[in-house]
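There are structures below to look over.
Each of the next two complexes has subunit A plus one more chain, namely subunit B in the first and subunit C in the second.
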Partner chain A sequence: MLPGDPVMHMFAGQYVTAENMALARETLGLDKPIYIRYFEWLLRIMQGDFGTSIVSKRPVADMILSVLPRTLELAVAATLVTVVFGIPAGVLAAIKKNTWVDSALMVVVSLCVAMPLFWFGLIALLFFSVELRWFPVAANAGWSSLVLPAFVLGLQSACMIARLTRSSMLQVLGDEYVTTARSKGLSPWRVVTVHGLRNAFIPILTLLGVQASWLLGGAVITETVFARPGLGTMAVDAIRQMDFPVLQAVVLIAALTYTTVNLVIDLMNAALDPRIVYDTEASKA
Partner chain B sequence: MITRSTTVAACMIQLGILHSAALAQTAQPKPGGTVRFAIAEESRGLDPLTAHRRFSETAIHVHDGLALFDTANKPFGSLAKEWSSNPEATEYTIKLRDDVTFHDGTKFNAESVKAHFSRVFDKQYCCNNGHQYMNAYVGTDIIDDYTIKVKFSKPAGTFAFYIGMLDVTGIPSNAAWGSKGMTMNREPVGAGPFKFVSWAPQSNMKFARNPDYKWGSPMLANTGAPYLDGLEVKFIANQATRVACLESGDCDIIKDPNFADMRRLSSNPAFEVVKIPQTGMPYSFVFNTGRFPTDQLAVRKAINLAIDREKINMAAFRGERRPLYSTLAPATPEFWPDATKFIYYNQAEAKKALADAGAKDSNGDGILEIDNKPIEIDLYIFGNRDNNPSVIVAESIQSDLKAIGISTRINVRPWDDQSAVAMREEHNLINFDMPLPTGSVLNVMFNSRETPKPGRYGMSFTYVQKGNAAVSAELDTLLDAGDNAATFDDRKAKFQAAQKLISENYLGVPVVQGFTTYVMIKGLKGVAYNNGGHALFNSAYLEGK
Partner chain C sequence: MSQVGPTLSLPVVDQTEVHARTTEFQIIRRNFVKNRGAIAGLAIILALVFTAIFADVLAPYDPIEQSRAFMEPPSAAHLFGTDALGRDLLSRVIYGARVSLAVGLGAVLIALLIGMFVGLMGGYFGGRVDAFVVMVIDTFMSFPGLLVAMVIAAMLGSSLPVVMLAIGIGEFTLFARLVRSVVYTERERDFVLASRSLGASSFHILITHIIPNILPSLIVLVTLSIGNAILSAAALGFLGLGAQPPTPEWGNLVNIGQEYMREAPWLVWFPGLAIVATVLGANMLGDGLRDALDPKHRR
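Moving on to the complex of A and B:
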């Protein structure tokens, strides 16, 4: 529960009479008991009505719809960066185990995981936007405004995936079926991708699902540094301004997204690995 | 009957015309181009009915108010040509311009103003700033198409100031209100120099030049249509990102960079820094006079004399603010210059004040006692622990007070706890920052009526009614009289007497005066500023366009 009184916050630092405070509380419906407000909210949600923002007086659904595509765009691009950089780096480190390539990759990965996202974002902004002027600062649209935030957000996630991919691949590459595949004369590429990566992929996929929620959290920081509109910024503003209806909607959407992504990942796991069977009535029969 | 003329306002209007003529002779404005302006916080809306903090920052481009005040708080006409009040300041007669057209093509007239004030006091739009500031409002009489009489139930001398606040007298199109209603908050139709184009939430607002504009305030160098084709206001919360936006060439002007960047940008010939002094009560603390040991006048005086404000300014604000030795900032119209005779830095005198009050260190622990009770204070600051200048301020005060034998406990709380902390009376010193453009801020901070109570937000944290009922009663009388004074001179006299009482009783600890700071590219010329520190782009142009 968010502590504090939104009406007090609304008028913080302003001259306001007691009567006007009471009037504002009544107008916003905050004079009702909390359980009534909660059930009223539930009822409205079931009808697809997220309410109206206390601060901007706009319908919350409109507010969310206006920024949701920007957050999705960032999350998808960041996931792409994660997959494109993280998995090949992990595979490369695994097949070059105990060489300088492996060591160098793991040093970079460790540094990258330890780097605060906020700091990394600012450094990237100063280097690529201020010094090189490759990308705009605080631009509102276009692919050029997406590249840097997606790279910053996705890279840290990529480093975590790289570490897991390496350890998972090392485990799989030592298995007998991989040795058999090699002895059959299959190309190293086929051994790594078909026999190695496919079997190492289950934990990677699970981590990718977990990362989806991390991306939402990371989006708050990335959106702040790059001045991008999005759900993360909206959540932070709602907390700061005690805008309950907006915050409730953002939390609900985040929870739904997290649950949905993890459900999809579970189903994909089952599709990838025939040994995974969900315990349903049908399977029991 | 109107007996007091507005010669002051009329003279100011004439002076403003001369000023603008002089500027016009020296500058060669280039038409065209769009200025990209980055500020920290997005406005909650663009209609005065939903005006709260940060409203005027962006709404000032699309709306004109009845009057405009410059950074020295001098009044200039805007939508109003002139105004005057009766001797009691319960009625204001306002003559309006007859050449103003809203962005939807409808005419501005007396009905527009009356309808706006009616909406301000409509319960369904509670509780906008206009409602707060004009709480004695009774109604508006239309004398003729371009003359109105605004009536109050009690003297409202402060309306002479509030008339210049956009959140009170920014007038939107009444016809547009009839058709759009609350949508006006997102798609405003005003009579300002720029027309609203678009609002991308959390990102930017775009405005286009109003080519028909010819009613600019004489405070501005250009009273006609803006030279710029457009204006883009970007919302960039992070200070470092705002600075990066300026340095990368993606912004032309930014507001309030951080202190370190400000110093660096000041020495860069590519940029220009403009600093507008804050008014009202900038960064300060007040005492809880109802709690030991700050219920003792000697302790309050000693604390004020022991604090090295120069050191605080350098350590916490990198020298970018100015030490403050008065309750009101010097730029406030009702400032009392003699306040500085009470507050200065002199640790020897601070020690003497404590010794004279019988304070002594009987157990040798370095902390003085009065009546066998150690002089320990609870100091409250608000915000985060990290990167918060208040933490450095508090630590500096702690070290200064330790040198005179006073122990300080520093408490850091979220800003929203400020009222709760004050209500529990846990503080000896509590931090706040209230840079309003008028001495009325004293009423908010020191009138016992404004003491916070459950369900009632208030900022009078001194509990002076408990510490000294006689002083409190006298202060309340002066402050109410100041707010209700009919003339500026009378209000100034009352508020100055109140400042004297506050200073003599050492009710607060002023620390530093801040600035509203803008950094812009050298090629951006002609930006003007009002008394709220807001940037106006009526006369702005981009060199080389």
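Moving on to the complex of A and C:
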């Protein structure tokens, strides 16, 4: 028997007859072949039925809806941290290329990308909540309990964004139209933001989209470290108890989020750069 | 250039080729050696590999032997302190290097094999095969790698090969995408067309003409992925889905340590620092290799 058999998990440590196990499999629908179960699952999802949890016996949709806002606020806050810190840091490093500002920023970036998220979270918790008492240790203390997790989750992707922003900006700032803009006597601020950043923005947006998927993986870790209820902790619990209807729903939501976010970003890229066209008729011509 | 003399006996074409290759290699080596970060990264990784191989000689204590020195702070006898069961943390971190490095390398190897196969198929054969390959890559990319790895590890039970496989499957898309895009452009190059017009088989063209051309990019991606794989392995260990105690692994060391974090913060600090050092070393080495191998990145 595989370690991942949910029926074995349900009856772990109890005396059960083979008939009872077979009965449990039948009620859960596990006696049918996998492809039939998959299509039955798809059919029910189309009707908005995510099934019921094997462990809590509650409808999965209710369970998801009850924690979804917590994970959403974490993801949105973390993305905010990423954008607010990552992009300016990258731009600054690019403008101050090969100075101590650039080197210092890049050292910070290298260190922060090499840190395991769970470790960074624990150290932050130890330092800011336990030692300095700036933030509550408890996860349900309103907005103040969101600050630390959002920073932990957001800073690491901010570092990746900063690195990409730097290289993207360096490439753009060397282009001829930037030299032209400079020689026209435009203010350095205008050159950097309008002529530089706007053109360097497409790879940055694309990476932000890829990180939408990373963010959900990161939410699993961050929520576990900070003991926050959310989709991440729900996924970890579901995996430990082999509660596969819950797990399927979380994985589906993760994939749907990724696809939606990336669709939006593709459209934003097209809006930013008129050269990008998503029209099949036009590309065939 | 003293070897010009002895090589004069070789046929003319071969001589220029040999000559060009040595210079190319020399440029790469010079660029690499000049890069202080790359050398530091290489040193860190070599030191860690050495530590992992000679763990039984280097570790001052048995990593799973318990003693009465419960949760002692770092001291001369126990440089990294001891844990709640009186085990020497330094010895546990040293043995942990074995597991973490093995999982990191194994996972990247699996990701490389799957990714190369998938990418070569799509890039070389194009058409429907490629459409299918792109669909597979897109599907896998839309799931968070960590979630995929967690599910696989939970379903198949957490043994080391499973953890490698779980992380490898979570990361193969990077390799598949790289290989696919490079092969896509390489297969239209003149030397490939020439080889095909001489009647070379697809397999022959892949092995002799295409793979050598994607090798530099692959070496860089492999090095840069090792850090990621070690981070994922540690995350699985932290969630209790990686290497199982009493086997010391950096992720599960932090997981065990977090319970006593307030009284014994060193239990969290040191295993974490070991991960940071390793990943930093792998990343610096990867960046250095990229700068040395890729003409676009040369300064």
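In this text, the second predicted complex is superposed on the first by the 269 of 285 C-alpha atoms of A that agree within 3 Å, B and C clash if a C-alpha of one lies under 4 Å from a C-alpha of the other, contacts with A are read in each partner's own complex, and residues count from 1 in each chain.
Going forward, a residue touches a chain if its C-beta (ideal position, glycine included) is under 8 Å from a C-beta of that chain, and two chains touch if they have at least 3 such contacts.
Quick caveat, the model's predicted, so the values are computed rather than measured.
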Three-chain arrangement built on subunit A, subunit B and subunit C clash or fit: clash
Partner chain in contact with A:M115 - subunit B first, subunit C second, else both or neither: second
First, second, both or neither for A:I239, with subunit B first and subunit C second: second
A:I36 touches, of subunit B and subunit C: first, second, both or neither? neither
First (subunit B), second (subunit C), both or neither touched by A:I123: second
Contact breadth on subunit A, by residue count: subunit C or subunit B: B
Touched partner set for A:A255, first subunit B, second subunit C, both or neither: second
Touching partner for A:T224 - first (subunit B), second (subunit C), both, neither: both
Contacts of A:L263 with subunit B and subunit C, given as first, second, both or neither: neither
First, second, both or neither for A:L216, with subunit B first and subunit C second: second
296-304, 314-322 or 368-376: stretch of subunit B that collides with subunit C: 314-322
Contact residues of subunit A, present in both the subunit B and the subunit C interface: 3-4, 122, 125-126, 130, 224-225, 242
Residue ranges of subunit A touching subunit B (in the complex, touch as defined): 3-4, 7-18, 20-24, 27, 55-58, 63, 66-67, 122, 125-126, 129-130, 133, 136-140, 224-230, 233-234, 237, 242
Parts of subunit B lying in touch with subunit A, wherever the complex brings them together: 38, 42, 44-45, 50, 52-53, 123-124, 126-127, 129, 131-133, 135, 182, 185-186, 200-204, 234-238, 240-241, 244-245, 247-251, 415-416, 418-419, 434, 440, 443-444, 455-457, 459
Touch list for subunit A against partner subunit C, complex: 2-4, 110-111, 113-119, 122-123, 125-126, 130, 210, 213-214, 216-218, 220-221, 224-225, 235-236, 239-240, 242, 247, 250-251, 254-255, 258-259
Complex contacts: residues of subunit C adjacent to subunit A: 141-147, 150-151, 154-157, 227, 231, 234-235, 238-241, 251, 254, 258, 261-262, 265, 268-269, 271-272, 275-276, 279-280, 283-284
